[in-house]
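Some structures to go through are shown next.
Each of the next two complexes has chain A plus one more chain, namely chain B in the first and chain C in the second.
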Partner chain A sequence: MTAIFKRELKSYFTSSIGYIYLGITLLISGWFFVANNLYYAISDMSYFFANLTFIFIFLVPMLTMRLFTEEVKNKTDQLLLTSPVTVTQIVIGKYFSASALFGLTLFITMAYPAVMFLYGDPLIYSILGHYLGFFLLGSSLIAIGVFVSASTESQITAAIISFVVMLFIWLTDWIASTITNEIFKKVIEWLSVLKRYQEFTTGILSLSSVVYFISFASVFIFLTVQTIEKKRWS
Partner chain B sequence: MKGLKKFFTDKRFIYGSGSVATFAGFVAVVILLNLIVGTLSDKFTLKIDLTENKIFELSEQTIEIAKSIDKPVDIIVVQSATSQEDTQTRELLTRYVNLNKNFRLSTVDPVKNPMSVQKYNTLNSNITNGSIILDNGEKFRIVPSSELRSYSSYTGQNDQFQAEYKITSALLSLSKASDMAVAFTQGHGEATLNAAEQALKDDNIAVEKVHTLSEGFSDEYNMFIIVSPKTDFTPEEIDYLDNYLRSGKSIQIYFDVDTPHLPKLEGYLYDNGIVVERNAVYEGDTTRVLSNTPYCFVPDVKPHSITNAIVSNKINVVTYLSRSIKPLWEEKNLVKIEPLLTSTAKSVAFSAENPNDVAQGPLNLAVVATKTYENSKETSKIFVMGSSLFLSEQFLPMNEDFFLSSVNWQIDNTNVVNIRPKSVLSSRLDIKQQDYDIWRLVFIIFIPVLVLVWGLVTWIRRRHL
Partner chain C sequence: MIEIVNLTKRYGKKKAVDNVSFKVEKGEILGFLGPNGAGKTTTMNIITGYLSCTEGKVVVDGLDVLKHPEEVKRKIGYLPEQPPLYMDMTVIDYLDFVYDLKKIKLPNRSEHIAGIMETVRISDVSHRLIKNLSKGYKQRVGLAQALLGNPEILILDEPTVGLDPKQINEIRNVIKELGRERTIILSSHILPEVSAICERVIIINNGRLVASDTPENLSKNLSNSTDFTVRIEGENEKVNQVLNTIEGIEFISSKKVEDNIFDYFIKTYESDIRREVFFALAEHKMPILLLKTQNLSLEDVFLKLTTVEEAGEEVEKTLTEEAPSEDANTDANTDTEMTAKEGTDNDSDI
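== the complex of A and B ==
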């Protein structure tokens, strides 16, 4: 699994995709930080993360679209599946590599609060809460992207489907608000990752939300494993 | 039959059904785990409050009041499906519900289900999206959404979260024993204050009207309120009043600029160190003036047990056409006089009798005298204010907290909620324009371009491998 993880992570930086993703993300996040925090001279990063969340619907597919589709394109999928690692290890390795790049991006953006410490006294726990929530949200979206990538054969298709699924998830709260059946509405609301993420932006670090995000990602990783296994016997 | 057997023994069916069953089992375990953790998290508040001022941590007074409630209370959040939920207040309410099994939290959509909200619409109610209704089956209290937060008068920014103060006050009012009674005096041309009477009733205090000339000041009432009388009280009534206060009761007296000279009543107040000046206070600080009239303004609220929560929650009160009150001493003859509302140093008061007689601010607009009787050791509380318009329908919405707090303090000082609001303002950055320009270049241009150029170089180099 470590070998898969290292290979995938390295491949982000041996191709242009990793740099494009990193460059665009840092450009947009830098812009949001300057516009929301430095311009108004406030240390509250809520608006920064609120703006960044929507942008990641577009950026996450860029991270995940090639994970499995490229193996198909390069015809290395059979080689990978017959290598002495389990499908679960392959999926988790790839998932962790995308999450690691996402985490690396967030780590670089920690320069923003570091700069704020030069000019004020931002609340470190609140900022760390935002970062943790955002990382969990992003990791959940990456799990969806990994699943879509494993289910399709072209990068473009994977990117478009991932984007549509994530947009649907973004609209979950709105969809729930249009439902009149209370039980169905509650189920939809429970599935809303944004509602869970709101807890972190409100200033709450809740065990149930952390478990929820990990579960959400686990379900999609499990589903990805099942999808690849299916290719073996179908 | 053969086809059916083939279907069931097909490799795809065997693997497929196994795969579906495994996935369903996995999802079931995940859902179960989340339900268990969610329940435990709510029940034992397995949450960390990351906010600077711990805005979700309930005060000792709230915990004590919430735990003492022994009747079921429905806590209803008025929330239309299309509007954004107030997540901070929702989190706070969840913590209230964890304190007492009698609390039930629910949400009502006023658009989809208008009838469910309609029964709570009363004279003083102000139900809007985000308002909270507390209903114990017999009575209800409404916490308007506009009162959950306070906003800076300079920047307009939400600076304080005062939901706990409001919700706990409503809970306390709801659970209060209904054996408190306040009487408004009659028979001297007193003004009628329907909104103030309703506010008292809403706060679970019985309200009566008493002709003091024939009925005297009966000690079955916890307090009497005299509102802008047009004729004076008789010596007998003043005696009744004195006896009433000697038994440890309280009184509120409101004067107006057009209240005539009342020698007996004013004489009694004079004996207790209070003089109600015959003037009208004019506020010179334009930032405090409302409705373009310097006679209508936001006074300074002085620290006192009555006002602590009002001061800390930055609740503004508004006075209009007020006379000034002059205390003759601070503490003397076992009478302690404390100011509650004052005008600013820029204010003046024009005398009604002599236009050249101008008093310079700050001037007291409301005072409270605490008098201890040596023989009986009883303590009475006399509240005097220079304007009854303070309690009129127009101004009561702004002044209701002050009014109820003063009444509750006078009749039973254990009922005064003293919960401080929590600041939600993030700390400011002291960044100069030059530094801002540098960081803007670094974060928007330098770092992203550096990464993209690095990527371009890697790509070009690998192309030639």
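== the complex of A and C ==
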């Protein structure tokens, strides 16, 4: 598992994709920070993260699209699946590598609140909540991307499908608001990852939300494992 | 060492591997032959645990592949048809990764990797990116990957494809060398290769096992015919006349070698008529320059075995001739279609 994790992480940077991802994320987030926080001289990072969430609809597919499609294309999946590792270990290794790169970028953006702490006194728990929530949200989206990558044949298909799925997730709250059936509405609201994420932004660490995100990612990792296993049995 | 019991793999309705059973003893080099799409790769993929079988089982060293996948996979080094290489890695990084991936625990890691690179002669490209290597080198990196950790069993799917003759020779020697202490299953299209390296050959056709023996026995058993080729000096017509007087000849075909010298392939009704031919020709003062019995090479055996049962189906085809050839829904139909093609091929050969 660690071997796969290390190789994947490294391969983000031996191909251009890691640099493109890092570059785009940091450039856009930097601009959001300037536009939302520095320009208006406010320490609340809600707008910053709200904007960043939207950008991640595009960025997550970039991280995950090649994870499994490339293996199948180069037939390297034969190497992985005939090695003494389980499919679960392969999937988790890959998932962690994408999450690690995502976490790394997020870590770099911590420079922005650091700047604010130099000149003011922002609400630290709210900012930490934002970061933790955003990391969990992103990791859940990555799990979806990993699943899509294992279910499709080419990188482009994987990217497009992941993008559409992310878009729907982004729209869940809006969709929920248009539904009149109370029960149905409740169900959709409960499923909404963005609603859960909002809880963190108030600076409250809610255990149920943490569990929710971890379960969310686990379900998709489980589905990914099943998809790969199914290919071998068909 | 490896035991395959009633292995069947179905893709939808099509049976890629159909009730195949065989055993491979420890230290044996087994050749795996078959035309394209016969099920060689599928069988190998099942043994290595890449695919699962529909029915039957594979037992490696007493362990069922499906029940103990990790233990079995540790024992096997596998070189698939297309070497599983990460194009964006250097050779040494790649082998390093595979070493970790296979959870190999040897005391001298870097020496082990260097030794293997030496064996397959890739030390000079160890720091180059795999995507920039030639096909021959890629193939050898693939082989190096399979050798990492000194697995007891090597499964090589067409290991010499894409190599130049010199490299082929080198790799063959490497495989022979390795075969001394290891069990090897090797698939190949190149028949001389199989007869040169392998102690035993398995021929598979349409997913079914059609033969399993040593290369020598295979050609011996199947070449019990009394057909022979004879080179005779004399006018073609006259020679034919003389030969036609001899009883027991099914048919004769001749081929010109030089002026007035012809090679005659004589197919007999399973009786040895070489003496009769000699005396008949001697009587007419027609010297025999050469006479050789038709010894089947492994190649002939292979063709014979992989087309034999289809001959039977050809009859079926003539009986049900109205069956439209486009309708390939059922296995039977596709089979007869193939037969028809192969049948004509054979005719033109004669």
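Note that in this section the second predicted complex is superposed on the first by the 234 of 234 C-alpha atoms of A that agree within 3 Å, B and C clash if a C-alpha of one lies under 4 Å from a C-alpha of the other, contacts with A are read in each partner's own complex, and residues count from 1 in each chain.
Just so we're on the same page, a residue touches a chain if its C-beta (ideal position, glycine included) is under 8 Å from a C-beta of that chain, and two chains touch if they have at least 3 such contacts.
Predicted model only: the values in this text are computed from it and were never measured.
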Superposition on chain A - do chain B and chain C clash or fit: fit
Touching partner for A:Thr82 - first (chain B), second (chain C), both, neither: second
Touched partner set for A:Ser149, first chain B, second chain C, both or neither: neither
Which superposed partner A:Asn74 touches (first chain B, second chain C, both, neither): second
Partner chain(s) touched by A:Ser11 [first = chain B, second = chain C, both, neither]: second
Broader residue contact with chain A after superposition on the shared chain, chain B or chain C: B
Which superposed partner A:Gln198 touches (first chain B, second chain C, both, neither): first
Angle, in degrees and to the nearest 10, that opens at chain A between the C-alpha centres of chain B and chain C: 160
First, second, both or neither for A:Ala3, with chain B first and chain C second: second
First (chain B), second (chain C), both or neither touched by A:Ser162: neither
First, second, both or neither for A:Ala41, with chain B first and chain C second: first
CA minimum distance (chain B, chain C), superposed complexes, angstrom: 5
Footprint overlap on chain A, comparing chain B with chain C: 14-15, 233-234
Of all residues in chain C, those that touch chain A in their complex: 11, 45, 48-52, 69-71, 73-74, 76, 78, 80, 82-89, 97-98, 100-103, 145
Chain A - residues contacting chain B, complex: 13-16, 18-20, 22-24, 26-27, 30-31, 33-34, 37-39, 41-44, 108, 111-112, 115-116, 119-123, 125-126, 128-129, 176-178, 180, 198-199, 202-208, 211-212, 215, 218-219, 222-223, 226, 229-230, 233-234
Of all residues in chain A, those that touch chain C in their complex: 2-4, 6-7, 11, 14-15, 74-86, 232-234
Complex interface listing, chain B residues touching chain A: 11-12, 15-16, 19, 22-23, 26-27, 30, 33-34, 37-38, 40-42, 46-52, 55-56, 81-82, 87-88, 91, 112, 426-431, 435-436, 439-440, 443-444, 447-449, 451-452, 454-456, 458-459, 462
